[in-house]
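Pasting the structures here.
You will see subunit A twice below: alongside subunit B first, and alongside subunit C after that.
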Partner chain A sequence: MTAHTKGSGLKWVGRAIRRLEDPALVTGRGHFTADLLATHWVRFVRSAVAAGKITGIGAPKDAMVVTAADLKGVKKITPLLHKFNYRPVGQPILADSVVRFVGEPIAAVVGLSEEAAEDIADLVDVAIDETAPLTDAREALRPRAPQIHSEAPGNVILEGRHKTPDFDAAWKRAAKIVKLDARSHRQNATPMEARAGHAAYDVSTGRITLTCTTQMPHLMRTAIADVLGMPESDLRVIAPDVGGGFGQKMSLCAEYVVLVWLARKLKSSVAWTEDRRENLIASFHSRDQYITLEGAFDKNAKLIALRADIVANIGAYSCFPTTAGMEPLMAMAEMPGPYDVQQYECLARGVLTNTCTMAAYRGVSRPVITFTLERLMDKAASAFALDPIDIRRRNLIGKFPYTSAMGLVYDEASYKETLEMAVKAIGLPAFRIRQKAARAKGRHLGIGFATFSERTGYGSPAFAARGMDITPGWETVIVTVDPSGFVEARIGSSPHGQGLRTTLAQIIADEIGVTPDVIKVVHGDTDTSPYGWGTFASRSLVISGGASLIAAQKLRIKLIKIASHMLEAAVGDIVLENGMAKVAGTDRSISIAKMAREAYTQTHRFKGEIEPGLTETGTYDPPGTFSNACHVAIVEVDVETGRVTVEKFLVAEDAGKIINPMIAAGQVHGGIAQGIGNALLEEIIYDESGGILTANLADYMPPTAHEIPEIELHHTETPSTNSITKAKGLGEGGCIGAPAAIVNAINDALSPFGVQIDEIPATPQRIRAALRQAEKTA
Partner chain B sequence: MKPAAFIRHVPRTLDEALKILAQVAPHDGRVLAGGQSLVPIMAFRLAKPAHLVDINEIEGLDKIVSDGKTLSIGACVRHGAFHKSVVDNPLGKLLSFVARHIAHYPIRMRGTYCGSLAHADPASEWCLTAATLDAVMVAKSMRGERLIPASEYFEGIMATALTEDELLTQARLPLLAGDTKFGFNEFNRRAGDFALASSLVTYRLQGGKIIEARVGVGGAEPSPRRILEAEAALNGQTPGEVVFRTAAVAAASAIDALEDHQTSAAYRRDLVRAVVRRALEKSST
Partner chain C sequence: MSDKTGITLTINGHDHAITVEARRTLVDAIREDCGQTGTHIGCEHGICGACTVIIDGEPVRSCLMFAVQAAGKKIRTVEGLATGDKLHPMQQAFMDHHGLQCGFCTPGFLMLAIGVLEREPDISDEDMLDVLSSNLCRCTGYQNIIKAVGAAANEMRKK
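Entry: the complex of A and B
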């Protein structure tokens, strides 16, 4: 196979080998859900109205139109949280008498082609008695606001409160209180491949195979079987190649439940491919938050207490499995970020509105809280007449393990070191000179810093702290050397772009002395991969990587035992490398392929001392580990138009032991691209009637290659003691730090004008409005 | 996102096309050229034409002809045809400069000049060229041929003087005097997006003073048009920062700004001021 995976004497871990999954993907040979043909095609009729009562559904004669009335016995999607005064609300699979957001599925139309289904859907007439919608979380909190769900009075679905015992005393001691009202507008994760599902009935077994674009096939199986009341063994879920997920594909969507129901009913195959408009209005949204943050600083500009009021617009329903608590509770738990502050008061509320349901999007609340906290630090720096670096130096955590005001335990990291690396690499003094010269010519450059912690690779104890009814965390990997000497690793994670087929192969290769190209990582099929939680939350490399290491270590022991038997040498003298077992210091060796054949076909020779076969299983459930980074953005603000151009982006990152530097860099680059969208461009906008104004990619604007600057990446490695591979996760850091760094840079650029931008995206319209206001008052 | 069913007609001659168009126009028939606006709208089912008259197979419609006075652009001339100068005249350079701002490369390989004019999106760069340079549109139907000057052609957002049975067979742009200066600038959120405001300016110099100034503004009002107040601020003046700024301010205050949820009238005026000034600055470099 490919020459770049050959080599001897070197460890595979730590090398930037090319991704084993790429040849198929870049030559158009990937398998995607929408490639599958079906007998029947589904189109969903969605609500054009944000709030109201369904008074009638008129369908064309002879058309197959499924509505809530047909789905008798199908349960609602009702995720549970056993804490935080959570009010369980149920989401009917198809809207049952009430509609709660524009885009909510009301009926499923079945046709013999996608076009035919869409034609029929156009003829379905839904009569709705409209009521006034609530799209803004603050509006929904007003007294006497309409109730979205009767189960959640005041539209509050959950409420997290925290106050450390000495908070009030610390507050009183403050030399300065710095306050910030931050607003993060709503976003869509916008995977390149929108949702798609294909459910096929097997006439021989009666089983259904659901192929869909999911990040967690096993949990989809569990959840759909639950909702439909069918044996889980009658359902197989396959996640083939998945064109990006970013969290949007980890929640259960009602549409997939309908597909499985239809395949069982029709005893046939049914398929649905979401279009971009549906994805933008009716797939999951995120990041719609108001945060008021106050910091109490002592006279040395040391943060001594932090107070946060977090209002998260969670939409019309609670997402399964993570629940509506996902954003508000993560914001509450991780608000103090990388700073040493022991006194903390927080009120975090999840608020129901007539908008699309909130679910995970890369970074979850952390892009928002990092933006908020980093704006606060810059404001505090101004208040104390310090530079932004100085105030961070005074406040970053430096001693480990560190227990936060929320009780989170931070493992060894490099908050201060990465800040210093970034400051040095960006050349701050030279930038200040350039900035001054540019200002004299009417050009406004700015620099912004963001330091943050990124909690990654957390197992079931961390999830259990949230009180979720479904507590994910661990992962299992089964590694087999087959009789031909090739290796198969079956994993419960479900990579969809993260490069796990390569990085897990690197980890396994080092243990059992083979090259990564003989290792196939098998995933995304509930029939062939062990139960696992899928890929999300920057967890897979840490947790599946750890499970791979455990399984491979066991396999190594067995291979050595077999080699010792076949080579008649002591176990301690056997070395595994380059596909061979060797007796150290001799020329005696045997290939792993030969040993593998023996392990299956000549087991009688082992005389019962070695079990037949060559399969080992590893399961790993770690406590979690914190990556960290410092992001620096240099921007130019065109004050005439409000346009922001990101001139340069620099990252000093620490994700522990790096398994594959190229893949790590790719994760950071992709995250920053999304962070730039978050900071400057992307916004889902609802109008007064609850309709979405940004239902295509001309109006909802992810960045293009033109908007992404050069990204300079620096790494340092603080090996984690909370991860057996020493690796930390880094899938989300790029988008966590970028909005904060960019908005701080914008504010630095605009400092001569006395304006403050505390809202993302910082659109040219908003920047000009602030400048116009400043021009007026000047 | 599949279009509703339609019948596609593929005439081989212009006469045949006009005949079919006359028949299908009353039954929701539309002309298909490059399809870069119409097809997405059909995919969203915002338009459901029952008939499409595909003019791509008609010979001769992809010609650009100059007779020394006028540049005639045929109905099937693609945006990409203008990547290089099409005529040895400042107009060729102008169109080439503007063409590179239209959407993205693949779109420029299919979309057509006349298609843009027929679609009449307020933000269209080609509509701005037609309005600023006072193009003449040639509309043909079974009823005959009409010449429509730009000033009477644009009737609002995606609205023109063309009737349903008329095919825009040509747009005619006047060649420019050899010493014409021009500048173009537009503002969009991302590279290739619809412009939130754009400006095309041309003028000549006589004894160091501006004459024959044309200041076109697009994307800011329902249709692109010349802003006479800005032109008046330029004519007779020596080009320079102050004059350009004055003209830009005149343009900004003259427009009846389009507003939407994100873009206030005040912001649209900010942008008009910026793009007019920048187009003027570009013209003098």
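Entry: the complex of A and C
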């Protein structure tokens, strides 16, 4: 750990300085949404049934109960996608005559305390004519299955197809076809802070301030103003400290629309904090997919064609802004992963069901497609009697830039190098000896590898390829040296644990020659930060970092100009460091604080040659860059109980230039922990009636400290040419690779039993069932 | 359900005279009636431990206790850990070892680890891992929390 030192003259970028965020958070002085008190408290009455028609809503006398009938003129949430046979379906803010999943909000109850609101909510009686629900995507695809939305015949909300011209010829040339039916069960991102919102009416201006746990405050403002038909300038959205998001907090929640509507109606403040049960059943879900994947290999075990059938259960509605296309289309676009395969055929469908709506969760489809593809590679290795390492060596991309079968351009990366780093560091020959010895004693150890690419930091052209009506991408940063000489950077993205206040300060500090601790990064308030898209998709360090660099470079030029003027020296002789501008080779210098004061209060001395003030703006919209890694898991499987213990986890990672190694490592650790949950523990389970069996944290099980092994991390840096800071994103990689590595390791451990596990989470029940089946057929 | 009782909660040495319904949980009273919002609510069913506080020397999940049950007891929360600007070694260690990201679970982990170490300063690493497994963190993957608690335990033992 490098201590935070002042004025050392060293570059700040690349150093593991402590986070500027932490002092408030470790002392209980953070500001989270639920810390705000309100005059009125809201409780939502939610559907207890998965499908049916509302026939009546009975409310206690004098209680304030808002239903769809009250929300006349409020638009439905109807995200659009202009491609892929997309069928727009609308989500009413409160269920309007039809309910489509357990947990769907039907009414909002207002009380003068949280308890009072809960008491009233308990008395609201909703009568529903129940119909048979569809919770499984394959069931929903059956002919004559009930229709969830009349706009989407066959329950298919979108369909993406792709086939390269020479696919059929390549398929015919194959020496072997390897096939896999993979299943990823449904998950919940489970941030430790569940959703919360607080809307307050300002009596003097009539404006509403919505404070909420969001990853994208600006887009929430745009979307809510749009749905309510109000001027956007009458709404201010604040994302204060946000207790984790992982994608779950980047979609528009109907509940926030209700809060703003109520605050306007009551001309007062209203608050809602969801409980954990609501979060688990009714926020957003992810990763519920079936993928059938076939690989055609030539006689040298080179993958020559890949065919995928992707069925993503997108739930009852389409999420805003990314739409129901997010999972199926990302799976389609990125399925070939880190492998060189130029022939590809894919059918990707998003399927409506009577379940909670799908939205982003860290990695989006990539944990699922990486798990699927990496299982396929291991199966192919065994079909060719090759080592799992060998088959990857033969197929990983090695020449850059590489254009994929889907037309994605991969920038310089280190797929082969990170594989070799990982193989060397894990000590494979020694493990195989240990594995053999353990097997002789009835203990079943296994090793699993996963290599993957992680598309990060992509701007508007990449999003535009999806055909989204809302096309995110760029970011703006405004850097100001104020008259006191302190620096403020206003950013449009909205970090919530990623340490961006620190890493952006490091980038800016190097450019303008100050220490990071004099730089305040301001975010999360639509009144004070420039329009931007928020923090998601491993984008903020690349895009806001790039915008910070552009703004700081402009500021540097201006500071040098001012210094040149004040010190009467040539521009080329000025050096900015340690908060000073110096004339190189002399003892003449001036502080940035003095220059800043001059730039605001003595501008007449500039004689019109330098513009007043010290503010510069940078906007950045990059094409996107690919990080990569190799993950290795060593597990032990107890064949009696089906329990899996992860003994060791090793990562060889390349995310380009690392701005702060401590923060980068933290991102990888956290992602792996979620990946371990994904691989072994976490599953949202619907019963036959469409109810959820996993509605608390004892049944839906995020990993504890016990389940996470020590993580060994190796870094290599391939500086990105698609990112002006040379940094690539790495927020999602941990959870993208971990499920694949762990399930491959489980299969390696169970290889003597002839068992194949192609389903996540690989719970003890599933492992025991597979072993029992194998015993029967043996 | 609206009968209220007057009680006094003693939080970090300060008395808060409040009036609460019998069903008011301790964590709601600490946060809303006493204004000490550093203690967070993660699940309200005793699993995640975000609401952990120390009561009469024991780490306790304040979502599983009624406010009236805590009357007359000594409650310690995250706000009381630092002495002026001097952080508690546990707070310092969490910063030094990157033991937090979003910071939502952090107060609960701090109170849990401190409560146990004050009671058992020489607790083994293995037993401490058991203790830390009782709270949930979704950001860090726990490795840095374990490192931070180990470092703070050494500091606390020096005193």
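We take it that the second predicted complex is superposed on the first by the 773 of 778 C-alpha atoms of A that agree within 3 Å, B and C clash if a C-alpha of one lies under 4 Å from a C-alpha of the other, contacts with A are read in each partner's own complex, and residues count from 1 in each chain.
Keep in mind that, in the parts below, a contact is a pair of C-beta atoms (placed from the backbone, for glycine too) under 8 Å apart; a residue touches a chain by one contact, two chains touch by 3 or more.
Quantities reported herein were computed from a predicted structural model and do not represent experimental measurements.
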Quick check on the superposed pair: does A:Asn696 touch subunit B, subunit C, both, or neither? Answer first, second, both or neither. both
Contact-wise, after the overlay, does A:Gly666 reach subunit B, subunit C, both or neither (first, second, both, neither)? second
Of the partners subunit B and subunit C, which touch A:Pro764 in the superposed model: first, second, both, neither? first
Name the contact category of A:Gly244: first (subunit B only), second (subunit C only), both, or neither. second
Which of the two partners, first being subunit B and second being subunit C, lies in contact with A:Asp411: first, second, both, or neither? neither
By residue count, is subunit A touched more by subunit B or by subunit C? C
Kindly classify A:Ile708 by the partners it touches after superposition: subunit B alone (first), subunit C alone (second), both, or neither? second
Is A:Asp119 touching the first partner subunit B, the second partner subunit C, both, or neither of them? both
Considering only touches as defined above, state whether A:Val26 meets subunit B (first), subunit C (second), both or neither. second
Is A:His496 touching anything from subunit B or subunit C once the two structures are fitted on A? First, second, both or neither. second
Jot down the residues of subunit A that show up as touching in both complexes, subunit B in one and subunit C in the other. 114-115, 119, 275-276, 696, 698, 704, 706
Residues of subunit C defined as touching subunit A within the complex: 1, 21, 23-24, 28, 31-32, 36-45, 47-48, 50, 77-79, 81-82, 87, 91, 94-98, 100-107, 110, 129-130, 132-146
Which of the residues in subunit A end up touching subunit C in this complex? 1, 18-19, 21-30, 32, 34-35, 37, 114-115, 119, 190-194, 241-244, 246, 273, 275-276, 496-499, 662-663, 665-666, 669-674, 696-698, 702, 704-706, 708, 710-711, 734
Subunit A partner, complex, touching residues on subunit B are 1-5, 44-45, 187, 189-194, 260-264, 266-267, 270-271, 273-274, 277
Where on subunit A is subunit B touching in the complex? 114-115, 118-119, 122, 275-277, 638, 640-643, 681, 685, 687, 693, 696, 698, 701, 703-704, 706-707, 763-765, 768-769, 772
